[in-house]
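What follows is a group of structures, each given as structure tokens.
Across the two complexes that follow, subunit A remains constant while its partner is subunit B and subsequently subunit C.
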Partner chain A sequence: MKIANYELIFQKRTFSITGFRAIAYRILFVIFGLMTVGFIFLLNGINPLDLFFLSNRSMLRIILILLPHTFVSFIPLLCIAIGLAIPFKARIDNIGAEGQFIMGMLAATWTAMEFPDLPSIVLIPLMFLNGFILGAIWALPVVFFRAKGGFQGADVVVSFLMVFPALYLMQYLVSGPWRDPATGFAFSKILPESAQIPGIPIEIYVPFLDATWNFDPVHISIFLVLIIALVTYYYLFRTEEGIPKTKIGYEINVTGKNPLAGRMAGISFFKVILISMIISGGLAGIAGVAEIAGNKLRLTVNSAGYGFTAIVVAYLGGLNPIGIIFSALFFAALISGGTAINLTGLPVSALDMFSGIILFYVLLSEFFFRYTIKWRRS
Partner chain B sequence: MSNMKNSRVLLICVVLVGVVLLSGCTTTSSGKIKAGFIYVGPIGDYGWTNAHDEGRTIVEDKYDWLETVYIESVAEDTASVVAAADTLVEVEQCDVIFTTSFGFMDGTLAAAEKYPDVLFFHCSGFMRDVNVGNYFADFYQLYYLNGLMAGALSPSGELGYVGAFPIPEVIRHINAFTLGARAVNATATVDVRWIYSWYDPTLATNAADALVADGVDMLAFTEDSPAVIQAAEKYDDVYAFSHYSPMQYYGNDSTISGQLVHWDILYDEILSKVNDGTYNNTNLADVDYLWFLKEDAVELGGLFGVPINTIFEDDLKAVDVSGETAYALVMRRLDEMDGPTVTFDPFTGPIKAQNGTIMFADGVQATIPDLFAFMDWFVEGVIGSPS
Partner chain C sequence: METVLEMQNVCKTFYGDGVEIHANDNVNFSLKQGEIHALLGENGAGKSTLVNNLFRRPDSGTILLRGKEVELSNPIAALRHGLAIARQDLSKSLIERHTVAENILSISEGFFLSLSRIEREITSALNKYELGDIDPKTKIWKLSGGEKQRVEILKALITDPEIIILDEPTSMLTPPEIVNLFRLLNSLRSQGKSIIIITHHLEEAINYCDRITVMRHGEVVATLETEKEKNAWASEEEGIRHLATLMVGKEVLYELARKKMEPGKLTAEIQGLFATNDMGDTVVNGVSLQLKENQILGIAGISGNGQQELVEAMLHWRKVDSGKVLIHGKKIDDVSIVQDITGKSIREIRDLGIAYIPEDRRKALILDLSIRENLILNSYRKSGGLFIDQKSIVNVTEELISIFKIKTPSALSSVRSLSGGNRQKVVVARETTLAPPEGRKLILIAENPTFGLDVGTTQFVREELLRLREEGAAIMLISSDLTEVLALSDRIAVMYKGKIMGILNSQEATREKVGLMMGGSTLQEAIE
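For the complex of A and B:
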């Protein structure tokens, strides 16, 4: 690319950036993002330092006050993003986690309505199982079109398009067959108590915030998703000197880095995509079950869009479960703290701009991980 | 040297954190009442949330003792509503919280339990508690009046309705619109298209265009943007009824009338009673406002103060309905419902369902639960399915 007398050269990096340097780069790009947003706020007459940290209504203070709420959004974000990291690592773009998430919510609601008399200890695991299965089924078309079809971008297109049948199916069910007969409004009945995932019954008064942290809304699925993160890390992501320690982890890695070499070495592309998409869809389904049975408690016509946010969470986390734990916390905190922007009197669309700019910088950092840029006088 | 530098950085960090944390400790209480509003959409939606926000600003400007704050686009799940209430109580120290979406019902009750000292008012719901009251302003009388005009002015007798969701509220409004139309034109029909969204200008435009393509020349709708008005404005002989906000601005040549709300009337009533001590955190279990034309909570028209767009007045006066002009009929019905005593209700039998079953016998008037909880059926004359 040429600009005036200079030539811009994009060069693919030969060595990937890993470890602490990668973490530092990502944090740096998030800070660049915050600075850009801050500049825009400044143009609107709002002091970004007040907004972010200093004022009584700052994002930081609201995030701290809403810590339990942050954990509620953290649960689905983490679970979906861990699932996404696996196909992403193999360069399979599952951007339809939202649909798989919705199918998990449907599976949970159906199971709870069909077997309300089962004891919780049986019913809730059954809901998770069904959520995993239905979420995975919803991801399967991606496998076949990508592996067997001739079109390389099939994963992007098919996974995205599969979101809409799921969304419309949910809207149909809550407006029709599953509608709560007691009210006639477009939502299902509240799940029976046996199907509700209990919260953490802890209340802490925090003197410096003059607020009470009530962790009751934080359902114990949080432990499940953290275990999932660790197990996934152990079996799929753990590396020694940069090389994945497990066979399947190695195969996923090679497929992503160089599919041709993988095929030459006898790695089945179909097997890799099948396994990674089943886990990915299944984990999004599990997130849906947790969201319905732990937070929403009944199906409504809309879904919160965690499936889309989780894509950025996965990338900011460096496609590594441990990193994703932190990036999921970061984005969950942004969801809670976003209110601060609204309280300054700026329209709520400023919050979308905020998330959009952070997202942009996260994606930009991915670019710099792969390329170097050099200037040269021509 | 580097050690000293590090410790200085550390010291600055500690001071900064301290400033942040201490800044949270200042509270503002001054005998004023602070009301917080939890909105489901953006205040710029030009529909539901916009109308609530207009009401909020009017009462805030009116009373010195009142301060207000709002949070927009809150998701309709329990945790999100409780989190919004956390912010309003813990950060903003609100005394009263209005939750302005039906989907906030579970969340409002949960937040009210968490903050027993705060008064909650949930709009359009039906569950109350000692510190949770309900309030709503409904349009079915206005949709009936709009139906009268649509029936009188439609050459084809084919009317269309772009509906948000098949819930009792929207079904009731479609039914009222149809009853009005058929009161002046016994063969009029209302074709319904669901868009399954409260705010989606694109879907609303598509639905309106599809209805026009099917021969419809009058459009009413439930969607929080002027998209349907703008769609009608594209065609020479298609007319529309504005919804929720003064949308006649967006189509002066094609907006006949519409439905307008005055949430300020309800907010004024409720907040004044909170201020004078009538309402407190122990006596809201029976507070359930359902206000109509009589209480001035709603108003007929596409612009405030203009019940019928003046360019359509002569057309309405030229239509004869059993001995009186359509214009006179609309004005008479409006007068009968405007109070002080209401002498007419659109949902008075005989009313038949789509399949011909008699739902309300001759002279029987529908009850509030009939209209607000159990209305999942369409009246005769509606084309489409109520689900």
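For the complex of A and C:
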């Protein structure tokens, strides 16, 4: 690329950046992102330092006060992002986790309404199972169009388009057949008690914030999700002497880096994408079940958009479950910190801008992980 | 005669995955007024790159037109200076969904364009140049290969340029059409036009061209005056031989100790195989071959004569139109069986003990993964169940790195960090240690396994092939390097236009005979 008298040269890195340097790079780029956001706030007459850290209503303080709230958003974000990291690693772009997430919510609601008399110990696992299955089914078209069709970008297009049928199906069900006649709104009935996932009954008074942390809204699915993260990490991502534990883990690596060589060695592209998309869709479905049965307790016409945010979470976490735990926490905190932005009087969409800009910088850092840039006078 | 075009010290380098390919390395070339100048060389010698430098800026070097330095930074600039080209790759040069007239419209200048005027001009030009009947309103994809090529030639001639460049214009023409084309070029020459023609066909160069420039590895090897040379050559054959030697080059080889060995059992057999290339032309034309244990079967031929498609069809990478690939051998219970592997999945085929060293390294290596992960690409699934046997893999890969002397600080470094030679060693290490099922010997298909390697690694790879042969492997060596084929093979099959022209024993195979057959002579003709 040429700019005036200079030539820009992009060169692929021969050595990949790993370990602490990789973490440091990502944090650095998040800071760049925060600075850019801060600059935009400054243009709107708001001191970003006050907004972020210093004032009594700063994001940092609000995040700390709303810590339990952060954990509530952390659960679906983590679960979906772990699921996304697997196809992303195989270079399958599943950007439609939102649809799979919604299908999980529908599966949970349907199961709970259909079998309200089952004891919790049976009903809740059944809801999770159905959520996994429906979420996975919603991801299957991606597999067939990407593996059997001729269009390389089918994964992006198909997975994204599959969001809308899910969304409209939910809106139809909520405002039609499943509508709760007791309210005037488009809500479904509240789930029967047997279908509700219990919270963690802990209250802590935090003196330096002068606030009480009430962990009751944090449902115990958080343990399930953390276990899923660790199991996925152990079997698919962790390497011992450079080798993953399972064959499918290795095949995902190979397919992601060079599908041609993989095919030549007899690795079935179809099998890899099938397995990774089933896990991905299934985990998004599980997140949907947890969200409905643990947090919202009833369907509404809106989904929370976790499916899209989780894409950023997965990338910021370096497509590694351990990293994703931290990046999910970061984004969950941003969501609760968003309240602080509302208090400044800026529109709600300022929060979307916030995560959009962070995403931009995260993707930019991915680019720098792969390339170096040099200037040369031409 | 006046020199119309001169290229001085032209360099063009392509940057691949960590490698630099010097496609043109300080090339000097001149074209005189009213001559037909042939540009010869193997695939990848830099011929097309050289002429393409007239339509884009080369990395360095000067281009003189009639003694004046010019900068031809894009095709339009070249056109304005009176240069026109018929390109080799028609799928890139012609727009398939457009008509003949619309394709030619793309090189016409002016603000108001009249399609009907261009159609009239095309018809009259076709008559003038005797390029046959082509309706300017036909879509390109409806035309045959030969017709497309004639449209491309017409595209070069229609602007009435002073300098005409034809990049492999005869590859899809029938012999009478070729005669016609050269008659046309002759008449253009007598009008004072200058012509550069790139070709693989040596006899075309000898019979029709005034001067011949031979290129190899991005450099000009020689420029010959055909008339002068013709006096020195006893016959046309000798001329072809001379040019072939210049093209291929005689590399200084270390002595390869090829032990005498009796051929072993028949292990694989290809029967009457037909396959098409991506464009739908039949390029593997009824090939039958036999692979035996303790034997290297060399496939000689100028690249692009169907060798690649043959291998791809064998490995089920490409659809087999008809014919069979059979694997002979016994199962553990000692019963002789023949398995038809046509249409089986790549995994099933590879699990029969068929190793493959592709010419295209992208098919063999995952650059961003570690050396260890690349080395286990075949063996990782040997252990049963879902898990990889990590411990044994660590030992095996460390061993391979030391046996094959892969120079790296660690097995965990990415393959991208290795030099070209060491990268190829990774492939050779992995493929030659592929474990065939019990009771079977390895079958190795090696496609130009030393292409682009330094002398040391080349020698290493060749010795490795010979060692495998002694261990009982059946090896199919496809190489456009005649020296390599002659030095290593027990039997040599020569491929030309998708057909096997004949199979020679190593004793009877000489450079001359094989060279003639590579140019299309049958075995009978070559012996005479």
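Keep in mind that, in the parts below, the second predicted complex is superposed on the first by the 374 of 378 C-alpha atoms of A that agree within 3 Å, B and C clash if a C-alpha of one lies under 4 Å from a C-alpha of the other, contacts with A are read in each partner's own complex, and residues count from 1 in each chain.
Keep in mind that, in the parts below, a residue touches a chain if its C-beta (ideal position, glycine included) is under 8 Å from a C-beta of that chain, and two chains touch if they have at least 3 such contacts.
It should be emphasised that the depicted structure is a prediction, and the values quoted were computed from it without experimental measurement.
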**Prompt:** Superposed on subunit A, are subunit B and subunit C clashing or fitting side by side?
**Reply:** fit
**Prompt:** Regarding the shared-chain residue A:Ser175, is it in contact with subunit B (first), subunit C (second), both, or neither?
**Reply:** first
**Prompt:** After lining up the shared chain so the two structures overlap, which partner does A:Gly242 touch, if you call subunit B first and subunit C second: first, second, both or neither?
**Reply:** second
**Partner chain(s) touched by A:Val254 [first = subunit B, second = subunit C, both, neither]** = second
**Asked** Vertex at subunit A, arms to subunit B and subunit C: angle between C-alpha centres to the nearest 10°?
**Response** 130
**Prompt:** Of the two partner chains, subunit B (first) and subunit C (second), which one does A:Pro201 touch, if any: first, second, both, or neither?
**Reply:** neither
**Asked** After lining up the shared chain so the two structures overlap, which partner does A:Ser58 touch, if you call subunit B first and subunit C second: first, second, both or neither?
**Response** first
**Message:** With both complexes overlaid on chain A, does A:Ala265 touch subunit B (first), subunit C (second), both or neither?
**Reply:** second
**Request:** Using the touch definition from the top, say if A:Asn214 reaches subunit B (first), subunit C (second), both or neither.
**Result:** first
**Greater subunit A contact set [subunit C / subunit B]** = B
**Message:** What does the superposition give for the shortest Cα distance from subunit B to subunit C, in Å?
**Reply:** 33
**Partner subunit C, residues of subunit A touching it in the complex** = 12, 14-16, 240-248, 250, 253-254, 257-258, 260-268
**Request:** Using the touch rule from the top, collect the residues of subunit B that touch subunit A in their complex.
**Result:** 16, 19-27, 42-44, 69-73, 75-80, 82-84, 86-87, 90-92, 102-103, 106, 114, 126, 165-168, 196, 373-376, 387
**Request:** Within their complex, state which residues of subunit C touch subunit A.
**Result:** 17-18, 315, 317, 345-351, 356, 358, 362-370, 372-373, 376-378, 380-381, 386-388, 390, 393-394, 411-414, 416-417
**Residues of subunit A that touch subunit B when the two form their complex** = 53-58, 60-62, 65-66, 69, 72-73, 168, 171, 175-176, 179, 183-187, 190, 208-211, 214, 217, 295-298, 300-302, 304, 336, 339, 342-343, 347-349, 351
